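What follows is subunit A paired twice: with subunit B in the first complex and subunit C in the second.
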Partner chain A sequence: MRLDGQPGEVIHRGTPLTFTWNGRPYPAFAGDTIGSALAAAGERVFSRSLKYHRPRGLLTADGNDPGCLVQVDGEPNVRGAHRRVSAGMAVTAQGVWPSLRFDLKALNRLAGPALSTGFYYKTFIRPRRLWPYYERVLRRFSPGGRVPSPSSPAGRYEHRYAHPDVLVAGGGPAGMAAALAAAEAGARVMLVDDQPALGGHLRWGGPDGLAALAQLRAAVAAAGGIEVLTDSVVTGQYEGGLVAVVQHGLPGLTERLVKARPRQLVAAAGLIERPYVIAGNDLPGVMLSTAVRRLINLYAVRPGARAVVFTANDDGTAAAADLARAGVDVRRVVDARDGGDIVRVRGRGGVRAVECGDGSVVRCDLLVTAVGWTAPTGLLTMTGGRAAYRAGAARFVPTELPDGVLATGGLVGDGTLAELIGHGRAVGQAAARRAGRTAPASPVPDLVPAPHPELFAGRTNGFVDFTEDVSTKDLAAAVAEGYDSIELVKRYTTATMGPTQGKLEAVNTIAVVAAATGRGIPETGTTTARPPYAPVSLGALAGRNYQPVRRSPMHDWHVAHGATPLVAGAWIRPDHYGDPAGEVRAVRQGVGIIDVTPLGKFELRGPHIPDLLELLYVNRWRKLAVGAVRYGVMCTEDGVVFDDGVTGRLGEHRYLLTATSSGAEAVGEWLERWLQTERAHWRVHVVPMTDAYASINVAGPRSRELVRRLTTGIDLSPEAFPYMRVRLGEVAGVPDCVVWRIGFTGELSYELHVPAGNGLRVWEALLATGVDLGVRPFGVEAQRILRLEKGHLVVGQDTDGLTQAYSAGLDWAIKMDKDDFVGKPELAWQRVRDGQVVLVGLQPADPELVPPESSQLVEGDRRIVGRITSSRFSPTLDRSIALGFVAPDLAEPGTVVTMLLPDGRRLPARVMPQLAHVDPEGKRLHG
Partner chain B sequence: MAEVSVEVSATDCTDLAKVLVRADPGGALAAALDVPFGRAVRDGNDALVVRTAPDAWLLLAAADLATPLVRRVEALGAGEFASVVDVTHGHALARLTGTTAAVVLAKLCAIDLADPATPDGNTFRSLVAGVAVTVVRDDARPGRLTAGSAGATPAGGRDARPGRLTVSPTASLASLDRSDALGSAGATPAGGRDAERERSYLLLCDRSYRQYLRDVLTDAGEEFGLAWT
Partner chain C sequence: MVLLPCPHCGPRDAAEFGYVGERAARPDPGAATPQQWRGYLYLRRNPAGWADELWLHRAGCGRYLAMSRHTVTGDIRAVRDAATGGAD
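So, the complex of A and B:
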């Protein structure tokens, strides 16, 4: 079946290779598609159809071919008439059992009536209890290939952004001419074509076309400013003018999604040839004229031995000439323009004969049809353009284009090669001008669709949608059942909903429905085109897995020392180093250090800082002295607790504000929002410093000893540096450190904010210097236990999006006598309102039981009276402890409440006198 | 014509001094800095001044110059409300240089990187692989990087043949400790070969994303053989 060298062939005969098809080796040449290589080897059946499992072969011999979807090296649903063969490639038919040749699922044909139009709305409905069994059986008949196993290589998928002045979708002669003209005007052009090389129909045309193609390609290659993306497809236009291009065939890359934002889009998608709808039109051996011309001229494949050609245009005639040149016995050319017709294709596994309209029967193995063209207007209508049916040309044509979009080539109309190129050039110049470049203002010449007979469906029932197995009869039945809208017919029959998405079948569907309803094609209208224009893999949509990760300067140390990682937002933190309870004991008994770098930190500068703090915190700030620290709580306007943290005054007009790790970003925005939009006259600058400092909390009764060994210039005595104070100095030889005396763990502790580049140095110095003190690192889990023992709430853990400050037990902090602060009106209301839940300390009666967080507190069977917000086993108390919200009538110390656990158990817990379970007097903290 | 590197390379410049300035856009300090919003200009002394917001500037200089830089800028703004803060430790900084630098960056950043939109000296803040990054187009100039110019001996014993224009980012890294790490304002490239500038971007993000930024640049640059120098 392989022909001698063809002038335009794209196969490389010097590079033979072997691949397998259903396990058997096959020869091919580099440049072959899977379909062309198999066709060259004499294969005619490549797949089975969706419902009836009818054998299917090549129809279009390009990426739109509905008969050549295959599985390649585990990748399902590969367009085999488009994908290039590579050495060792393993190709299999998909969805067949036990084999492509003997597919038992073809027995579906016997169940034809049960699989009629809309069968899935009518069958397998009752009895409902059997649905799980129906589902199990139906799943075996689902179309498509097998999803690769999770262990299969995933391939590499990427995204890329592009901003061309002009994006030309379609690399035929008009598209190339448009790109050239735009580039000549200085525009940056992206030229996209779905074939492996530019040229469109010129690639499989005659010598004149090939000569012109060579010139155009050379001009494109020589032109500056044209980026050519072959083997790529524009899949749609989205909001904001985003044009998606999926790029294939790049070395080392499975697919790339290019997110382009062109200033002008030029649609030059050419034309798509339509099949003819008659009985037997899906048999292997029925091909479009463009298919046989591709096979012969691009791949040097003789598509059959004896052919009948049914044509309504010159392209069919040219195909007949190509066939004859390729040694095919062209038994008859039936010309519709002369009144000729064909009625039926005979055969079982392939074409055996064609019944002609005059009653004659011609034996053959190949039927070539050339009955008309579809202008792929989908991309234009996605952009807001419109298309209308032109009966004289038997196709839809663009009628309105939105700003930013132009069209050229066959999509617009027909003409000689010179006319197509001339139109493309004028459109390219117009696009360049619209993109702000200087180009000649040549008028765009008319490109009028050529007259063409309206040939859609013949006299017999045939397949309209090959991928969905929808026939003329199915469409007629849908109309008969009352589905007379084309949109409803589409959804009811699934016509145009398969992988080809209407490219081949939409106009035939419309024509058949129009005939069935008695309306014309214009009145019937079209379905709505939506992206994607061509199938897009999930991998292309996903791209690379870029998930931002934040690491502290001590991250590698934590990893090297066996820390279990904890994902906290984007931060990776050490959850523990193997023994969180031991870490807690080390802090309570000696000294521990924890990496708290994610703590939000903001340096504030300016004379109005006290005003800002007074406004955004519920408590007071005006009298905060230099060197002093205060805890503060922020609320939103609705009085809900938003964030908390300590702020220290480092100088006259210099403060360091801290926020929770999880709330740091929001607090930064909150500060800026108030300064920029509400108090723009205040002189305060906010400088984010979260990442500028590595933060280390040194906690435990021996923390002072440890810190003293490393600090210079700071008097650490309790008198000189009491609780809630801050100092600047040198730690481990590192200048410009901020040393806080604060305590989230309930122990004597110091928090060191060290210039981040020196964080690891100070961390290691603390560990090395404190060996004799028993210093050890502790992680987030130990910190959570320690703070729970101390009864410190965590915003977001012990509060939620509804927790107002009084409910969180923050009465002591709220200063309602301040003139104003954010949330004050709402808190004033909450203060006098009854029934607010209260945060309390809880201890389960069973000291071994740690109630899962979010366990409900209940009263009787129906009333929910609160919930557990935090719970842990306390190594210090050797019992379980918790915090939780309870109804106010149950908040009295000593009250026994009932916990409803997720497993249904109801167990008692006692309300404690205060939130702190350990050292409620704060002696350790102030030690 | 001098040899120009065609491969893309990246350099971690995190150690460069970084000073944040906040001041009234209509004040004396703004006038003294004299850099329009969205532009980056060498200040004629030892710093690249990047105006990141109408009222904010980021100054980049050699690693040991943060303190004198702070003092110098504070003096410029004496008498007006301004904040000059050493944020050296708060940010990671990488330089991406080479003929395909923009193509690599275009895999990570949605901004138009072509000359008309982002010419040399342009700066913007956008997401790069999901992280907020200040991007500065700061093309490498042959004159600045040619061996024989002040302090141009690259660190690590790398090739530094006279006239060689390669490894501009590495040269930047190598010169982190030099006062001319970022070149001089208005410095005329050696031989006036302005056209031979090699495309280069400075990428500045929160320091905690330093490794992540390195990872994504490495991944995006793989097809172009991106190497860290």
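So, the complex of A and C:
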């Protein structure tokens, strides 16, 4: 039921809205949480519990509420007592079937023994073959929400970096005071709170608190240098002082992960109220004192009609006063400080009565407990701080703080509002000083935890961990089974391992285990806190996708002309234009053009380029004349083939070096590595040019005719421009083009490197000008067939991470008479070593059979003698062709080897006299 | 998640850098025995303590950096551009 206006209410009654809960419309006000709006409408059951499918309602009415995980539109596991409701939001209960009210799975309660302690480890394990079946059934019983389908619209997430001097985690009075004091000292402060507004407990703590809150908020707003992040939570502190903050509720953004590196962190997380462990303590209608005070004072919701209040502190008394003021009939206040106790909560589906320690039974629909506080020390202990148990205060308090971290507020101790603010100010000043600012060195006053009775669990069996459905009995059973360490009990029972991660239940777990083992709480110790402190969505961690996609200047043309895309690293390339075999024939018979823009390109300048090339390639470079091009092979220091490509000498001290498309980045770093570390005195400047040039290979017997029509200033006659030469000139009116004659396809071919902005112009000019020559574009697949026909290897395809250069048929390129080159010693040793595999051309006996790449070559049943590295059907030869590695004793031309196909067939193939299947003499290339 | 000091760019997120490896002196390729050469290729000290490492500021200045880094604490006591030489 909604109350009349409350002084500190955060709902906007002028902005009513409607959302749906399990398909039915519900009213709410802007400012409501999902939980408060449903509570105002009289709903009490919000979810079913994990194991027993017990009905659960509001317990804490904040972000730690264990019974309030809901599905919001496509988003699962939303904390319903924390998330603000919005118009049209579709909220549903999670993991219930057929409905929240009549949940058949509650029958689990009858099967209770099967779900006893450690059932994860005991049940559903045997027989193993039935596991897939168990898994299917169990999945239906799990409480998580529905993961959004891949087609549903993704949220928008991003990352931000921040470098404040001081980051204050927690915006209660002490946190605000710390932020203010630090800002006054000139520090840049980031103040973070998980609620939509600053204030902490002052927001719902009564009229005095509200007046002080208004002052503090005004001061924060007026102070320069405080950035306030509300609806945001510090989820952890990591190595190097990194603090992760997840920010929610930003316009147009689902979540943002702030990676902050404050020079000082001030933890001001306040206190978390603990539930009381007795029978029936999870029934809807059992609430903490802070929950009813939030409901009444923030959301003007009357949490029940008739209440029993069980209290051990003044906050319970204050809650009783709030309840009375809200028109709740407070039937009895049981005060633990006067020896009062409650034993059991009665009811089915909701609170019906409370059994008190004196034997009396009080009928009610609401039980409010105020039995003590947990200091959330996790943020401190996860980076090396320590906490210790103070029996007199019935809570753990921080005793050692990690470097760069200070703490204030309820986390440290209790006090009046003035004392909390005074402590916060002193800590804020200390933080500013440590961050290098000038602040008064006022001593930090003591803030001591107030005396509190130790009250964790009553005499009956109740729930300790609400999200994991772990009870007193389960913990006792685990101890009885021999799990006496708290860390083991945690893992065995899964207590504290649910969505609240121990913030609500860890201390009760420790207390119950301490009682069961007969040891004290200090001896029992705590479990280890790890990030994240609060749930984080995977989207926030992933952030926005900045993975670049690279496209050549001709990309749109390829798309418009029906190219099938091929993802090659970061590049999207045309695999083919519908008929790769036809494209191959066009190149062999007429002329074709291919977009080879992704080819790695580096312009080298400087006097020591020949030295660099001599060092990094196995071949010789010193005599490369201006205007000449040479193919080169690079190895790493272990003699393994690393990359290959052609390099042309454009001028006295100017070269254009090309690398494979996939190796471009690594080659760039390799060149720089040698130039910066081993040969720093060499004067060579390397400019990456891959994107600066659009590259087009024009290949085929009629390529000269085509290129001649478009070039100016270059004599294309075979005498003036022979194979492996480079010329600079104008192509299709575009100046500053590099044209070289090479032959990856095995045909007469010219590679044009055109300033990228004019790539499409030259591409279209080639196609328009060559219509009568039968020019057509070809894609990567046709190029692969063409090069395989010619027997040109592809590094990484026909070599692997162990292929040394003498195994790759590159003997002719390796110049062992050079003084030095990268990998030389290993190649020298490889040359004289026996048993080295050899790359050979192979042709299957069955010309129709194309052996899948990576098919093994075998001898009998026991010996692998090689493998197929590349295979295709050759349109030129009308038969299948391949390259592969074979053992040296099988490399003799004419040897018949046995291919073992993935389907188990063993079929013969013949070793060819050379790698090239087409035109081994190279007549076409040199034409 | 860690900041590394770049002598050219200042402190930068470790994600901008590539770890190349412990620095190793290249033996004379004309005189090295297989054992010496393979020590250069594969054998590193891998200390739990101060290590001489080579890093590349890939998403920054593109320079190779020689770093003396403590592999346990992550502290860095010296860093220089690898090209500037130093006491190796």
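One rule holds in what follows: the second predicted complex is superposed on the first by the 919 of 927 C-alpha atoms of A that agree within 3 Å, B and C clash if a C-alpha of one lies under 4 Å from a C-alpha of the other, contacts with A are read in each partner's own complex, and residues count from 1 in each chain.
The working rule: contacts are C-beta pairs under 8 Å (C-beta built on N, C-alpha and C of every residue); 3 or more make two chains touch, one makes a residue touch a chain.
Model, not experiment: these values are computed from the prediction.
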| item | value |
| --- | --- |
| Subunit B versus subunit C as contact partner of A:Ala162, first or second or both or neither | first |
| First (subunit B), second (subunit C), both or neither touched by A:Tyr546 | first |
| Touched subunit A residues, subunit B compared with subunit C | B |
| Touched partner set for A:Arg188, first subunit B, second subunit C, both or neither | first |
| Touched partner set for A:Trp812, first subunit B, second subunit C, both or neither | neither |
| Subunit B versus subunit C as contact partner of A:Thr597, first or second or both or neither | first |
| Touched partner set for A:Asp691, first subunit B, second subunit C, both or neither | first |
| Subunit B and subunit C footprints on subunit A, overlapping residues | 161, 259, 261 |
| Residues on subunit B engaged by subunit A in the complex (per definition of touch) | 14-15, 20, 22, 81, 83, 85-91, 103, 106-114, 117, 129-131, 206-212, 216, 219-220, 222-223 |
| Partner subunit A, residues of subunit C touching it in the complex | 1-3, 13, 18, 20, 26, 29-30, 32, 34, 37, 40-41, 54, 56, 58, 62-64, 74, 81-85 |
| Touch list for subunit A against partner subunit C, complex | 161, 238-240, 242, 259, 261, 637-638, 669, 672-673, 675-678, 680, 819-820, 824-826, 829 |
| Of subunit A, residues touching subunit B in the complex | 158-163, 188, 250-253, 259, 261, 544, 546-553, 555, 570-571, 597-598, 603, 605-607, 683, 685, 687-693, 736, 755-758 |
